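Going in written order, the chains are labelled A, B and C, and every chain counts its residues from 1.
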Amino acid sequence: MTAHAISSSAAIDAAKRRDELIAFAVLFLVLAAAPAVIYPFFLMQALCFALFACAFNLLIGYVGLLSFGHAMFLGLAGYVSAHMAKVGTIDIGSANFGIHLNFGPMNPLVAILFGVAASAILGVLTGALAIRRQGIYFAMITLALSQMIYFFCLQAPFTHGEDGIQGVPQGKLLLGHIDLSQQTTMYYFVLAIFVVGFAIIHRVVNSPFGDVLKSIRENEPRAISLGYKSDQYKLAAFVLSAALVGLAGATKSIVAQNASLTDVHFAMSGEVVLMTLVGGLGTFFGPIVGAFIIVAMQNYLAGFGQWVQVIQGVIFVACVLAFRRGIVGEIAHRLGISL
Amino acid sequence: MMIPILNISTQALFGQLLLGLINGAFYALLSLGLAVIFGMLNIVNFAHGALYMVGAFCAYFLLNLFGLGYWWALLIAPIVVGALGVVIERTMLQRLAGLDHLYGLLLTFGLALIIQGVFQNYFGSSGLPYAIPPELQGGSNLGFMYLPNYRGWVVVFSLVVCLATWFMIERTKLGAYLRAATENPSLVRAFGINVPLMITLTYGFGVGLAALAGVLAAPINQVRPLMGADFIIVVFAVVVIGGMGSIMGSVVTGFMLGVVEGMTKVFWPEASNTVVFVIMAVVLLIKPAGLFGRTA
Amino acid sequence: MLDATSQPLLELAGLQAWYGESHILHGVDLDVRAGEVVTLLGRNGAGKTTTLKSIMGMVGKRAGSVRFEGTETIHMSSDRIARLGIALCPEERGIFSSLNVEENLMLPPQVRPGGLPLDQIFDLFPNLKERLSSQGTKLSGGEQQMLAIGRILRTGATLLMLDEPTEGLAPVIIQQIGHTIRKLKAQGFTILLVEQNFRFASTVADRYYVMEHGKIIDGFANSELAANMDKLHTYLGV
């Protein structure tokens, strides 16, 4: 490669970074000002789903793995953090043999971290199985595993089955200085979590690690022949995705003050696929846009019963047949930039 | 562990074994259809569960709107759903040729949402009754157990359909076309065979099998809009366990897992919902390509 | 030679072909008269196989003109082209592993009356008769090649396109295939052959075309082969 080619590709990279930075700054300012005009509860819900979708997109967009079971991470983290914030016990094993701890109700941030840890561990277990197959098998395996987790959540005592965990306290941070039961405070807390999660994803995708992931997506045998242990990379990406989904799910349960079976059900796994598809697979901002659209649609159409599901199905079909780039992907394509 | 086993009556044991065989029959019919479709179209048909449900509703409509009973439904429902499949393939799936196979999964998932959503709007989530046909009511005492005639019929008839499908694919000229086109569609087409038409009809046939399973299930499980929604996930696990490479493999795996699930209900009821998924996990660890799969 | 004014059986004019984005054929002109054996020569990657596949309609996109018995086929799908009476024996032989030998042999449907009866095919390739129930891909390379040729003789196709039928085979089998091609020619089949091995080609061919970079760059009759030897060595780099 000539020096000229190197410097021009560096220039393209710099331009790409600049586009992304501007878009990121605009997004942040819009979100910071949004509660003035939009109902904050909706925004918080949408931000949680946006993080969920971004973390899901990390796998499909950058490693080429379609998980149809990501609800298990969202739901499990939600249950664990809700349980930790409300009760704060850990009971694993039988009465005389196992781990039995009682911390009492926890501060929301710690409860969220427990949720993230739970999803990360689940991510290690399920990821190690699922990456043994590719493509459609990967999708079917993740779907089946998440159905197993669904039944676990239905039957485990701490989740309270069909009732779910209700009345989760929102609590206070920094020795009581930050009161999350204040809606505006909670909103900026959620926004901060979203920004941290989003920044982690952005950092990972643009790191050497992210480059290896992309090369695995493009041509796995070649990546292996270059000496990369592709399974380890895929597993690492899977666990990271699971942990970030867990962050979204845990935060969501603190915001909504409950955790229920809805979040572990496979319909939720489908919804995150839809959000990402609508926004644009493999784009940075697409999953955010997609999440806001789908959450808004669900809120506005809540009175139409199952027609919401039909409409979602129609959007799925339309996106796959005619609109595979998604909204952000289409805009980026038209403008010739990367978003 | 000896005592609990002895405590279970042989009646209950064989009863669950029979229920397991029936579930296995449905797994076999559905995973067989998925395997046939996958072979030709390279698509995992997520709408399979929804079309199974449509098959059951066809039986219900035929009876309640046209007065046509079970035997007619067994004939007409697969044809109606097969025709619907032909339309789906021609208008939508065909456009995905050359794209990543995942798009087929996403598209058919969307179709499943649409079909199930529409039926839920009109029929809610509760079940509609569908009577066992008079010829198959009652049961027979086999000495060691009481066999309801209809359940015996379901197991035998499904086996016959599975074996007939196997025979058609592995032992006939048409089947040779199918197998060849699965391996190398463009060469088969260059021999003068209309491969796109074969693909369309294959999809129609595969979803027709799902509809047939739906009709068989109607008198047992009632007719519900979501009867296929969760079921299809278990069938996916069955497909992962068996591997989609072999027709006989899907049939054997289907029946086998049904029985295992039935036995789990006897000995450890809490685990019966998840046993198939656990087996899937174990198979993935030991033989990732599946029991009958060729290494991908 | 046939009357030069008679219409060719196969006539290519300005044939272009693409695989996805890549443009492989850049205007191929050639014709094959009924009863001829015509050989396409050229280096690897010159576009010989693509020419055969384009005649068959098996490439992503093609333009120009391909006439068979005067019928324009450029907009036809490959199954319709096959039904006109053209058959291909592909380079990789295309034996189906999930079919046994008999199924492989009987797979291509009859497209016209007048195909070779089975016993004549077994006369040409006695090995096949003994292995009818073996899995197709369990045959030796030579037997697979015989199967790949044998199965298109049944169909009644009048134009046979053979893509490197001698590649990787033992000399004795190459002889057998040469013998078969001469026999087929005597029976009135028209053959378009792709060959790297022009010593073999010279034992069967009436005429040659030389391809380079997706175009025909030269053509001559078998009688002119000796005179063109030097040129040919340059073209083929041998």
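Operating definition for what follows: a contact is a pair of C-beta atoms (placed from the backbone, for glycine too) under 8 Å apart; a residue touches a chain by one contact, two chains touch by 3 or more.
If you're wondering where the values come from, they're calculated on a predicted model, not measured in any experiment.
Undergrad: Which chain wins if you rank chains by how close their C-alpha centre is to the centre of all protein C-alpha atoms?
TA: The most central chain here turns out to be B.
Undergrad: Would you mind checking which chain's C-alpha centre is most distant from the centre of chain C?
TA: A
Undergrad: Mind checking the centre-to-centre distance between chain A and chain B? Centres are C-alpha means, answer in whole Å.
TA: 33
Undergrad: Could you put a whole-Å number on the gap between the CA centroids of chain B and chain C?
TA: 44
Undergrad: Averaging over Cα atoms per chain, report the distance between chain A and chain C in Å.
TA: Whole-Å distance between the two chain centres: 56.
Undergrad: Show which residues of chain B lie in contact with chain C when the two form their complex.
TA: Contacts found on chain B: 173, 176-177, 179-180, 182-184, 186-195.
Undergrad: Within their complex, state which residues of chain C touch chain B.
TA: 56-58, 77-83, 87-88, 90, 94, 96-99, 103, 106-109, 111, 152, 155
Undergrad: Please give the residue numbers of chain A that touch chain B in the complex, ascending.
TA: It is residues 66, 68, 129-130, 132-137, 139-141, 143-145, 147-148, 151-152, 155, 266, 270, 273, 277, 305-310, 312-317, 319-321, 324 of chain A that touch chain B.
Undergrad: Touching residues of chain B toward chain A in the complex: what are they?
TA: Of all residues in chain B, those touching chain A are 44, 92, 95-96, 99, 101-103, 105-107, 109-118, 120-121, 230, 233-234, 236-237, 239-240, 270, 273-274, 276-278, 280-281, 284-285, 288, 296.
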